[in-house]
Amino acid sequence: QEETIKVGVLHSLSGTMAISETTLKDVMLMLIDEQNKKGGINGKMLEAVVVDPASDWPLFAEKARELIEANDVDVVFGCWTSVSRKSVLPVFEELNSILFYPVQYEGEESQRNVFYTGAAPNQQAIPAVDYLMAEEGVERWVLAGTDYVYPRTTNKILEAYLIGKGVAPEDIMINYTPFGHSDWQTIVSDIKTFGSAGKKTAVVSTINGDANVPFYKELGNQGVSAEDIPVVAFSVGEEELAGLDTTPLVGHLAAWNYFMSVDTPENAEFIETWQTFIGSEERVTNDPMEAHYIGFNMWVKAVEAAGTTEADAVIDALPGIEVPNLTGGTSVMLANHHITKPVLVGEIQDDGQFDVVWETEGLVEGDAWSDFLPESAVLTSDWVELKCGNYNTETKTCGGASN
Amino acid sequence: MTSLIDRRMGIFLAGLFVLTVAVPIGNLAFEGKVVPSYIVSLLGKYLCYALLAVALDLVWGFCGILSLGHGAFFALGGYAMGMHLMREIGDRGVYANPDLPDFMVFLSWDQLPWFWMGFDNFWFASLMVMLVPGALAFLFGWFAFRSRVTGVYLSIITQAMTYALQLAFFRNEMGFGGNNGLTDFKDVLGFPLQSDATRAGLFVCTAIALAAGLLIARAITTSKLGMILVCIRDAESRTRFMGYRVEGYKLFIFVVSAMMAGVAGALYTPQVGIINPGEFSPANSIEIVIWVALGGRGTLVGAALGAILVALAKTLFTGWFPEFWLFALGGLFILVTLFLPKGVLGLIEDTFARKKKPAPALQEAKA
Amino acid sequence: MLDIREIDVFYGAAQALRGVSMAAHPGRVTSVLGRNGVGKTTLLRAITGRQQIRSGKMEWEGRDLSRLRPEARARAGIAFVPQGREIFPLLTVRENLETGFSLLPRRERRIPEEVFQLFPVLQEMMGRRGGDLSGGQQQQLAIGRAMVTRPRLLVLDEPTEGIQPSIIQDIGRAIKYLRGRGDMAIVLVEQYFDFARDLADDFIVLERGQVIRAGVRADMDGDSVRNLLTV
Amino acid sequence: MSVHLLLDGVSRSFDGYKAINDLSLAVDKGELRAVIGPNGAGKTTMMDIITGKTRPDSGGVWWNQTVDLTRIDEAGSARLGIGRKFQKPTVFETHSVEENIALSLKAERSVLATLFHRQTAAEAARITELLELVRLEGDRHRPAADLSHGQKQWLEIGMLLAQDPELLLVDEPAAGMTDAETMRTAELLRSLAGKHTVIVVEHDMDFVRALDCRVTVLHQGHVLTEGSLDHVSANPEVIEVYLGR
Amino acid sequence: MFFLRACLLALLLPLFAGPASAQTPEFDALVTSLPEGSYSARGAVVGAIALTGDPRAEAILTALLDGTLGVIEATGQVVTLTPAPADALTGAPVPEAEAERIRVNNGLRRDIRAALGILTLSDPDPAKRLAAADAAFRAPDAAQYDLLDAAFQREEDPAVKSRLAEARAVAILDGDFPDAEKREAIDVIADRGDADAQRILTPFAASADPDIAEAATAALGSIEQSRMLWGYAQNIWYGLSLGSVLLLAAIGLAITFGVMGVINMAHGELVMLGAYTTYAVQETIRQNAPGLFDWSLLIAAPLAFLVAGAVGVAIERGIVRHLYGRALETLLATWGVSLILQQSVRSIFGPNNREVGNPSWMSGSFDVGQMTVTWNRLWILIFALAVFAVLLFVMKRTAVGLQMRAVTQNRPMAASMGIRTNWVDALTFGLGAGIAGLAGVALSQIDNVSPNLGQSYIVDSFMVVVFGGAGNIWGTLAGAFSLGIVNKFLEPYAGAVLAKIIVLVAIILFIQKRPRGLFAVKGRAVEG
């Protein structure tokens, strides 16, 4: 058959984000490859269309438009940073196409054309803090992040949450650093000082990609051990650790919905396929890769169910779709276009892997609108019944964005 | 003295005119079949870059001020327009707050900061588009030129300026949406931004602005003032001894250029749909310099051409060979510098000139 | 000896020298005379390799000069005192002089005594940056710098420009002394007619890039040559 | 006659080296004055101080006995009517010879005035006149960069004249000129005296003689002696440090 | 937490009467219960195991800490996994069992370490005893008082003894001891005068007992004082060390840009090449001669110099030399080079971070008073100064240096003086590039080794060179250190982001005062 289903891949292959996003491009190529081996979808083969938005946010919008208008793709998997997603949102809305977004983010968004397969704050940050409070007896908190919207919002939510839990405001220290910050001497020493007030202290890190390596190197060298002041990170995964000697970091934590070390048959197969595809035994897997895996399979199922790749039909078909995730459960696409995920807390091991020390009982539903921010607590998103991404439960109206 | 519209300017403006007429017709009359909608915005964006390049050429090509921070003026213009577009959203934001943009709502601002006042008015915003970059340029230039900061020192502090602004705009406390910037615009002057007609309209506006920018720049550079700018570029100290207050001239051209860059930014924002602190990044400003160098410094038209060319190359290369396009672009830059000392425009003109009469080769000893 | 035959030099499309021939011999001073813009400097630029010749022949000590790069010509024993001095502005006076060491064998790397005898002011200013010197001091430095390389052909472009009378006399004496040593050929471009006549063994007069008169010192007496230099 | 320019006990040192040392000098309006002195005596530095390029460490510089020149920058001094020819010729290389002259012409120098300036017939005529005077009419459309060293000297003189300044500071105008041209330059400067005040620095004694004016001898940043050329050249100290035997 | 544990211990202790009761079934029961329960409950079990004094305890707890203790799910048998699976209690080999590793988390690890501390308090090795005292100090536990006190009494090594005194003091403060003893303990702790002392004493400032509160408050006051002074020292050190990084990044540029006037936008990529060379060297060593790992940087440094230098020479010969006299166009061409180098590295090594390890002599830190000095930063500072000194010597004291300066100031005249300008140009650019490569070796120790490495330093490098005064190598030194120190003094007050903004604005203002940088070359020589 001549006709193919085109899948757009919109990940930066150059510039600052290439470090994280290139892998996601590769994993998409792999998933498409695998699907084609299974005979494609509804008898049609899939074809990947890869472009490079080059970590340049306006270029994301341009490339999204190009993918949809010029290349006629039926779906796009892409973006990492929130700003890149914000940049393409209007394009997907206007051209009525579909975007799968695979990265944990700050929430406060639900758009009809976007499916959020990464974690919302309630699927990562809050459970992680719960763990530290319960299992490590942490009473004093450093919220350290890169100065941009995701950490800002996450920290705002956490601050509200912690204060709600009875933590005194002076027991919370918030610190922001610029992108790519590389000199962590002062901050690490401040953390040490803050942690020497006699209460068990932990660091909640929303430090972004590039800055992490120097941060952890400094932690290691200044001898901040996980046993004294554990650091729990939301943006540090196996890929980031691959650039580090993790010996001095054993015991520091990360909260994700997936770890490569998770011992399930699905995961073993996924890792095997990935390492074969990429041609290296060394390559690791990580959480956003799993998100793409889930998202892609959901999309495949939805297209099969709808019998078409036509956007409206697929969008309507997606909520309720269930696919196995890699941690042994089944993730469901919710009416708010977020998915259910388990939350895992892992400790860094000396081989650069995480050892899961805790996980939620069941799967947690992604919440588009945080319950810990006053203006958003009243909002809810439901694209099935209410057909609205920001329905105000008090005024019983749908906010302006969804028209 | 030289005429306002010389050959190269004439040809360029004619080409621009054809584009201005053909593109919207091709798009609107044929429902995007002849010229797809995305091409319209894309071309609009290129023309914004072209105007920005002309602005830089004015200071760099003619007055020797190598600004490595011109992106800042562009971005400020873009932000001024973006602020207006945010206000236009009104209560159609996700939180349906009639006064506050969404990002302020979820970061718990309780009222609109004072510097957002007035931006609900289009004309006020349009004024700010020029006034804010102009004021920054004036302030910056006032100090720097009076202190006789020149050469690389000036270049580097312009870079410091844009870098500082980038970091500042990243901060959510600044009230400009942090690193996400301003986005999710709905309409401008009541015209929905997602409609083809609005897009075509914006494209035409940009083309007109570019033409106007080129003509203004040309008028300035062919005047006696323009010649003095060149004197300053070539021998600043000597110019002073002739009684010209160099700082005044520099300040004038710097402010004019900044305003022009601001207009370019203002037209850019609605067409790409987002303005964020990335536009302040030093690398962006360096790229502007590269457009000008590649097109042909000190030629205005060449600068515009260079901007369009590089942007076009980037669009094409990132789609054609997403994994290797940097090789192509980097190679292009190197080849142009090595083999086209007068830029792309120089090449074009030499090719035409050679057809008429063979120009004798330059026989400069390699030292 | 330096033997130049029928050379043409162009700046772009404009021809600056037309079939110029001249020669310079060890122990002799050859003066190049001519009004402003006739091509004197261009001729020296051709000799020192800063400007390529389009046609003609240039030989130095039997070697073809025209293919050598400027530094190779310097290494072949040609030193240049350019018009406009071209001092290295940020190098000290000492360092300016020491740039001449690069073509000397290691054990000869010292500044000849004559330099300081001739220009005592340089001794005083050894530690000062060349660019800070007064115009005349720079001119003295430029000549001193050329002498450091122990040249066999010394090419001087208006060496008396901007120099005080007493030192002009010294420079004249120095050139005579160098000539007297017999191992050095000297090409001297000079506007100061009396000075040139005083020193020249041979001379040529240029006019619009062409040699319009050539001869030996005796031919310079009287007004015939002097008249060629007035408008 | 009134004193046009007065230097009163001016001193200036660079990194401890006294380039100008308690220098006092008065030049009358319309006077032609030659300044000679050994290399490094401070002649060029003196001009730098008068034109505001260099600030003196101490002492005063007075223009028409009222304006304090030490507080005025280069452009300011030019606007007052002080014109300068540099020792090392500096012209605007990418501009044509003609444009170099045109930009020097006496005219309003403000930003707006130049923005809206249109060349008048009188200006055009003056440009041609000056070009003929400096014998560059044939080169009028060439870029100044292409001129030979001597031609640049002439262009600078043309630019100086175009400014029509009240005071001309002329640093070594005869350098690189043939003897005949040197005499012509002297003639030119002499003809300017009276209407203009002229200060000339030169090492060519024939030229200075042709100027036939009062001569100031500078040495180590200080006035050594002053008087007619014959007077000063008889001074043994001048012979010792400057003229030579 | 401590309270909870104390209670649990109080409950458990009577079961195991004294250290004499070795080989008890109770010990076995405790070990068998290790795999179950919450982490905190298991922490209590660990404590109890230690207090039994059973000779097997140390080995079992060490295995647990190392993650080599497992459990066979089916039987609940606890086994040690290395060298070969064996029953943890009996040591009997267990054939091919499906053993699951027993998980530990931070809290548990801390408990284990404390427990091990108790067990090693009487180890013959003083270093081990010191570590044990340290562990006890870090995990205060009133239940350990007797053991600590006994250890203290019999200890003879003064260093260990004083540490034991501190450990005993924290144990006293943790439990129900008479006020007098507590006050004495406070004094012992106060003498440390450091952050730990502050951490321990802070809660007592709010103690219900006024005497204790007063003693603690007074102690805290003096600690605060000395910590403030040390804080300044620390900031200066941080500033110097940030400055050394800036210096390294900028110093190559001080040559190519400052001296030669070439705007080399590929400078950052040359730094990156140095870092990747280090990576390549380490990989080779890891695979072929792991014993040499500590030498890896010493091997990498000359190689990085050569690699980056060679690339620099290639850039100069291929591109830059055609552009002398067109200085600004080098910006365009070298930007092109930088794109190509970045993408080349991305294509060859992949887009991800590469791991470059710290050799042992560059890991960890030591204390100077209350100041922490990390070894890697110290070595980088020394390295930066050494590179600077060598460069200064080359430029100012050698013939080649003189030729380099002459060529860059007036290329045609230098040629006329017989200097081989081509060769000198290539050499100069190569030197600048090579030094950039050296910087890469150092930066690989503290930053990402990724294709973006260079980009993050290029702006700062230009800033430093220009701030110091282009063309003056001393200026680069002064510029780097002053920017580093200013930044580090601002950071604690303004935060990292604002500090950076303030520094940038300060640079802009500073340049108004000194338009040619900190160490400006003044006079006619530059004004012309």
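Which chain is which? They are A, B, C, D and E, in the order written, and residues in each are numbered from 1.
To be clear about the criterion, a contact is a pair of C-beta atoms (placed from the backbone, for glycine too) under 8 Å apart; a residue touches a chain by one contact, two chains touch by 3 or more.
For each chain, UniProt lists the protein as follows: B = Urea ABC transporter permease subunit UrtC; C = Urea ABC transporter ATP-binding subunit UrtE; D = Urea ABC transporter ATP-binding protein UrtD; E = Urea ABC transporter permease subunit UrtB.
Just so it is clear, the structure is predicted and the values come from calculations on it, not from any experiment.
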item	value
Steps needed, at fewest, to go from chain A to chain E via touching chains	1
Chain with minimal offset from the mean of all protein Cα atoms	B
Between the pairs C-D and A-B, the one where more C-beta pairs touch	A-B
For chain A paired with chain D, centre-to-centre distance based on mean C-alpha positions, whole Å	74
Euclidean distance of C-alpha centroids - chain B vs chain C, Å	52
Centre distance in Å when chain C and chain E are each reduced to the mean of their C-alpha atoms	63
Chain B residues counted as touching two or more neighbouring chains	167, 170-171, 237, 323, 326, 367
Two or more partner chains touched - positions in chain A	13-14, 147, 176, 178
Residues of chain C engaged with two or more neighbouring chains	11, 49-50, 70, 132
Complex interface listing, chain B residues touching chain A	36-38, 41-42, 45, 89-97, 102-103, 105-108, 167, 170-172, 178-181, 183-185, 193-194, 272-274, 276, 278, 314-315, 318-319, 322-323, 325-326
In the complex with chain E, residue positions of chain A that touch it	13-16, 18-19, 22-23, 135-137, 147, 175-178, 180-183, 185-187, 189-190, 192-193, 195-200, 210, 213-214, 217-218, 220-223, 226-228, 230, 239-240, 242-245, 248, 251, 253, 347, 349, 355, 357-358
Parts of chain D lying in touch with chain C, wherever the complex brings them together	14, 17, 37-41, 43-44, 87-88, 135, 146-151, 153-154, 172, 175-181, 203-205, 241-245
Residue ranges of chain C in contact with chain E within the complex	48-50, 69-71, 73-75, 79-80, 82, 86, 88-91, 95, 98-103, 129-132, 145, 149
Residues of chain E touching chain B in the complex	257, 263, 265, 319, 322-324, 326, 328-333, 335-340, 342-344, 347, 411-412, 415, 421, 455, 459, 462-463, 466-467, 470, 497-498, 500-501, 504-505, 507-509, 511-513, 515-517, 527-528
